[in-house]
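First the structure, which I've put down as structure tokens, then a few questions once you've had a look.
Going in written order, the chains are labelled A, B, C, D and E, and every chain counts its residues from 1.
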Amino acid sequence: ASAGTLEDVKAKGFVQCGVNPSLIGFGVADEKGEWSGIDVSFCRAVASAIFGDPTKVKFSPLNAKERFTALQSGEVDLLSRNTTWTMSRDSSLGLMFVGVSYYDGQGFMVRKSLGVSSALELSGAKVCTQTGTTTELNLADYFRSHNMPYEVVAFEKNEEVLQAYEAGRCDAYTTDASGLYAERLKLTNPDDHMILPEIISKEPLGPAVRQGDDKWFTVVKWTLFALINAEELGLTKANIDEKKTADNPEIKRFVGVEGDFGTGIGLTNDWAYNVIKGVGNYGEIFDANVGPSTKLGIARGLNNLWSKGGIQYAPPIR
Amino acid sequence: MSTMASTAYVRSEMVGPQKAPPSMIGPIGWARKNLFSSPINSVLSIVAALFIVWCLIPVIRFTLIDAVWTGDDRAACAQASGACWAYVKAYLPQFIYGRYPIDQRWRVDIVFLMLAVALVPMLIPRAPFKRLNALFLLTVYPLASFVLLTGGHIGLRGRFLPDDIVGPGPVRFALEFALVSFVIILLVGLGARLLGLRASQSGSAIGIVLGALAVVFMVVGADFGLVPVETANWGGLLVTLVVAVTGMVASLPLGVILALGRRSKMPVVRIASVTFIEVCRGVPLITVLFMASVMLPLFLPEGVTFDKLLRALIGVALFQAAYMAEVIRGGLQSISRGQYEGAMAIGLSYPQRMRLIILPQALRVVIPGIVGSFISLFKDTTLVAIIGLFDLLGQIQASANDAKWASPVTGITGYIFAAMVFWAFCFSMSRYAAFTERRLDRSRRG
Amino acid sequence: MAAGDIGARSFGGRAAAIINNPSVRGLVFQIAFVAALVWFAWDIADNTARNLQKANIAAGFGFLDRTAGFGIVQKLVYYTEASSYGRALLVGLLNTLLVAGLGIVIATILGFIIGVARLSPNWLIARIATAYIEILRNIPLLLQLFFWYFAVLRAVPGMREKWTFLGIFHINIGGLHVPRPVFADGAGTVGLALIIGVVAAVLVARWGRKRQEATGQAPPAGWIGVALIIGLPLIAYFALGRPISFDVPVFNDQGPILRRGFQAGSGMTVIPEFFGLLLALSLYTAAYIAETVRAGISAVGHGQSEAAHSLGLRNGQTLRYVVIPQAMRVIIPPLTNQYLNLTKNSSLAVAVAYPDLVSVGGTVLNQTGQAVEMVTIWMIFYLGLSLLTSFVMNIWNRRVALVER
Amino acid sequence: MTEAIAVAEPPIALKVSSTDVALEMIDVNKWFGEFHVLRDINLKVMRGERIVIAGPSGSGKSTLIRCINRLEEHQKGKIIVDQIELTNDLRKIDEVRREVGMVFQHFNLFPHLTILENCTLAPIHVRKMPKKEAEDVAMHYLTRVKIPEQANKYPGQLSGGQQQRVAIARSLCMSPRVMLFDEPTSALDPEMIKEVLDVMVGLALEGMTMICVTHEMGFARQVANRVIFMDGGQIIEQDEPETFFTNPKHERTKLFLSQILHH
Amino acid sequence: MTEAIAVAEPPIALKVSSTDVALEMIDVNKWFGEFHVLRDINLKVMRGERIVIAGPSGSGKSTLIRCINRLEEHQKGKIIVDQIELTNDLRKIDEVRREVGMVFQHFNLFPHLTILENCTLAPIHVRKMPKKEAEDVAMHYLTRVKIPEQANKYPGQLSGGQQQRVAIARSLCMSPRVMLFDEPTSALDPEMIKEVLDVMVGLALEGMTMICVTHEMGFARQVANRVIFMDGGQIIEQDEPETFFTNPKHERTKLFLSQILHH
């Protein structure tokens, strides 16, 4: 502990990563205990960067209430659990967000039979949500600012929210839009439900680490940037070996043929190569877990590269 | 008095026993006595019978007649108006093992099997080798289960010896252990000398403890070639049983200590025990669990962390210990003063009196109470679902929302299944408690 | 306990005698024990302080004044998103007391009925009671809670429909909707009339008892009392020109679907989370109370009711004057425990979205990170409750203890 | 134990009504399940009669007198108390119980009530007597059984003999016309037996109709008009005490008497 | 109850050491809270002496002998057993208890252990004797109290008299130099008293130093060197049994003797 997280991680031989146990597309384990999801892939990316091996990671399933203590106490080295970056969390929970891995926003899911097409029509609605998240607060802000009465029914666990919503206890189910897509899949008839277009909050989700360990912070931060940069550079899991030899100086720096960037942050120089080799680039991760071809079918939207109409943008490696 | 002369009477022939009127015996007599003994009772009987029918019909319809028994996904149950047993069938392995890797589940099976094999003769009053058996259950079994379930091979690295003498690893740990043991034995020896006890005696006691510790470390540190399985992947009945059994095994000695503490003549010890017991009994388990899951990490120095399951276990064990202490105290109180005095008069010391005379008797008396409190504990394990552990109930709840099987009846089927499992466990335990209670009564009378 | 002249004649040195003195040993042990405790507590406090400081969380209860910002679905006192955390906790606390209080009443009534039923000479009734007890006691409460909550949700009509009873009670998935009394000027007088009615009824009851003692005949004090309690407020109500009006729940079955159903802000709604929790708590606890009651009644020997019968007391009188007073001595202590258990178990509310103290506190904890303070508040509340109860119980117990030779 | 009385007093001679029937049992039969406990019991008790029932254990003595105030139900035959026939009619049962007092082997006082409250409970609630009056009556009977000073104690504070006397007083407070005793002294220590028997003798002297299951043969000799011997659920022999003790007719009676008298 | 022995045997005459003090109590005082139970007790017991303590209930007899092996703590004065002074020193208390055997009114056998285990427990755990040897010793003493065949039964299966004999054997297994008896026969049925007293007489014959609280005056006559009479927490009178019984000096002693002898 005293030596700094990076050294600790290297010593014990794996990254301990806090994830969501039951959010399809972000963090979920199947029957065999295989984990998948964007957040999970990010953990693997960090493992790849450090060890050159995406499997050197252990997952701690965390619920909303425990996640911050788990990180603060050192139970996990890294929190990658669809957590919204807010100022108060930076300032008063002792966290440092390394960046944004997914631009999300809070939305509403309703039954199609309600005949509602906009969140602004939800005046007087009963809304189900999970307690202990920013969603409860956003919800209150949204309805108050639009002067609409509402009633919130807040459950401890996702499963309960969904069961109550399905039973008809509330008109709307609110959480981050990505979560809504994931939860909708679990309903008996997903097609009977729709997600309203309004996004009522900014929910930049990102990995977080403990405050006060800059070295570790840098490693995790640049792992995220490497994923985005790779997409920009057109480097994929499949083609990186072949492009490794290309003449593009940017790629050369990326794969570690040129420069000493890896050792600068306490890793090997081929760290970024390992990341892509291990988990693919950001786009690949997105597509594999939540993209249009998956059951969730979420469009890239804001999460597209800045060059393609989105706002994902990473500082260059140089 | 002469008026009475006429009443003199001597029976000439005896009246033999006659058969009771039909209204007294057989099914009719039974029904008359138990169901129709008065007009009100007759009405009640009819109402009760109707009530039973009214309750049972929907239950039977839902669980049996309208139930779906086969199918591969939710399509089978989507339209069902009865239980979706197909879903339970599909998920049964998960309900038992959680996400424990499939190719490693034999390890869990062994643990279950060992428990059954060791526990059954323990529960049968007449079965021999009770002491050995208990020893196995309280020492070998937990250790073996720990290694089997987690994979063992925990990284013992040692703490304080400088790296340049010997690097972190089992060797450093062993060295440090030996060093510490040596110091402890030395200190104890000195202390014993000072107290005028025979040094060899206290030394050997400490030696046994340290030796046992060494064995424990050797076993949990050794590499048996088992794949490690994180507790995060444990789930279902496995977690339920781990929480319940560990809570029980850990709370017993703790409970004994607390109970003795509560009866101690030393005010400080007594007050501390009473405070602990009453605080634990005064608050809901779930706040204790919250505390274990949210607050315990705050209590620990930076970098020291506990596994989440372990934290829940600590919370449960401490909580249970308080209840156990009260049960055991009841047992201690039932031991007559004469037993204490008899033991004192033959020259036994306090620890000897407790170990040889009082506790064996007290614990026997409280077996029903212990089983009773084990039932509560077993039911309470479901609360760990609230702090995000996947016990049987948590696992069922999580799976009911699995996209593959979600249907209107899936959730309720899961709950019914969980209810049946818990009921079977708890009911048999309560029967067992009643059985031992009767047996104790008899042996006390006889 | 002066040890006299230690070691004056017998062997062994003074030092050995002191070390072997049990009271000296006890003292040393206790000092060591306290030292260990203090060290332990200090270590924990130190770690906690350091951890909190690292996380930038200010210790102390100052956060209670900050704005909560989240909504609560059931509140007995005024509360909005703009209220403080402290107020939110108060709402939670009152909700706990409400569900526990009502649960206790229902569980007691049900428990007594089932306990007596279990001793019924009617075989069927006794069997039903036994089955009830054996089933409910051996299934975890949390499971029952889920079962009842979701069963209730599935059994009642959806948000846009309703069942109506007696014209004023409406039930749907949104809960039980009833008229909400609105108090105008003069409502206080009606309240006063009610209080006067109750006092008068008590006086009448007392008069009735006196009268019975004096003449042997019991006047119908009960009926007079009921008439007073209902009649007086009614008279006041009409005499003052109906100062209490009722805000009837408005049910709308026109317009866009979302607008249909009961309108927010009209009438009074008792939410289904409350019912689910109440049902689970009281049914579960009733099973335990029933066992307590059975044990209490069985503890009163058969001879007691035989003696009462042979004196000519009827069944009801035997129960009332002979069996129940004796059974109660046995029943009350465990009954109190059950009440405490029920109150503690109400913390499971968190699983079904009923905003009790633990549930609201959990949200506050999560928003503020003030774990130590929140857990302290929980502990103080529940501990205070049990200490208070056992204190009262001890007094009561001492008063009713049977006088022995 | 029988010495306490056996030695002294001569039999009490008292008028017994020859026409006024206090209680009649006609061909009464009772079964416990398959077991035939009472067989063809015929018994007529005149007002003022004092009857002692004896017999070996299990012969049905207790059952017989418990049938009289319907603590047990009989299945065949008639029981007529004070001209009221005992049937399933609750009102009649109530009436009979009001006329019949019963004293048990184990006193069965109500431990949660004081002695005085024990005695006034039934008068107040059954006879609807004003409390004051009930207390006066109770004190009267308590004085008669010689424990007025214990009125405000609880049963647990009294000795067995005192408790049994309270039980008698409690029954008397209902002014019963018939008193039933079921082995009232057999749970008592020897020195207490006398004090209870003295009270019973006093009652007999006042002409109370009494049916008493007891093995106190001295008491039987001194007080009873008639001794009934039961065995196997039937009445084997009945006669005046003098004849009964000196000249029993039936073999079983002889055997029984030889056992208890030489004890 | 005293007949069992009183009739027959003549007193046993045995050598008593005149120099070897087994036990000495000097000005011992003890209080229970405010209550002064033992007052200035002075008692010197020589090795081989057999002392019987008698006195009315509550006079402090039990308390006195319980002080000797420190089941009760005294507050003033000295108790010296076998040259060891009883103070708060745990080691000394242990030593004294090892030298002193005690037999209680209610036996206090350990119900969860067999007879043999009851007897071997202390030798094994206190004297650190090998189990085999402890069992041999135990069997020896069990044979002496005439119940070797019960060795593997549990106390609950034995009669009271047998249990008390086991209790004596259990004490003997520790080879005590002094034996204390606190009314060892008063919880027994008359027919069992004799078997226990016989064992005690046997012990006396072998020269065991014994202090015995008992009301068995026959035993006292036959066995004791000295009878001590206590009342109100003090020793009122002590003398040889012959003189004590035939010619008591103190008024209270006379009263007491008249009561228990004519009972």
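Just a few scattered comments:
As a working rule, contacts are C-beta pairs under 8 Å (C-beta built on N, C-alpha and C of every residue); 3 or more make two chains touch, one makes a residue touch a chain.
If you want to know which protein each chain is, UniProt gives these names: B = General L-amino acid transport system permease protein; C = General L-amino acid ABC transporter membrane protein; D, E = General L-amino acid transport system ATP-binding protein.
Predicted, not measured: the structure shown is a model, and the values here were computed from it.
Looking at the partners of chain B and chain E together, the chains they share are C.
Taking the mean of each chain's C-alpha atoms as its centre, the chain lying closest to the overall protein C-alpha centroid is B. The chain with its Cα centre farthest from the Cα centre of chain A is D. Its C-alpha atoms superposed on chain E, chain D is turned by 165 degrees; the angle is given in steps of 5. Centre-to-centre, using mean CA coordinates, chain D is 51 Å away from chain E. If you average the CA atoms of chain A and of chain E, the two centres end up 83 Å from each other. Computed centre separation for the pair chain A/chain C is 43 angstrom, with centres defined by C-alpha atoms. One simple way to say how far apart two chains are is to compare their mean CA positions; for chain B and chain D this gives 56 Å.
Touching two or more other chains at once are residues 91 of chain E.
Of all residues in chain A, those touching 2 or more other chains are 65, 69, 72-73, 156-157, 160, 163, listed in ascending order.
Multi-chain contact residues of chain B, defined as those touching 2 or more other chains: 196, 294-295, 297-298, 300, 302, 386, 397, 408, 411.
Under the stated contact rule, the graph of chain-to-chain touches falls outside the line, ring, star and complete shapes. Per the contact rule defined earlier, chains pair up in contact as A-B, A-C, B-C, B-D, B-E, C-D, C-E. If you check the complex, the residues on chain C that touch chain A are 51, 54-57, 69-73, 81, 150, 153-154, 158-159, 173-174, 256-259, 263-265, 271-273, 350-353, 355, 359, 362-363, 365-367, 369, 371.
Partner chain B is touched in their complex by these residues of chain E: 69, 71, 91, 94, 97-98, 100-102, 104, 106-112, 121-122, 125-126, 156, 170-171, 174. For chain C in complex with chain E, the residues that touch the partner chain are 1, 3-4, 6-7, 9-10, 12, 16-17, 20-25. Residues 1-2, 8, 11-12, 21-22, 24, 29-33, 58-63, 65-66, 69-70, 72-75, 156-160, 162-163, 166, 185-188, 295 of chain A touch chain B in their complex.
Here chain C touches chain D in the complex through residues 212-218, 301, 303-304, 306-314, 317, 321-322, 325-326, 329, 402-405, going by the rule given at the top.
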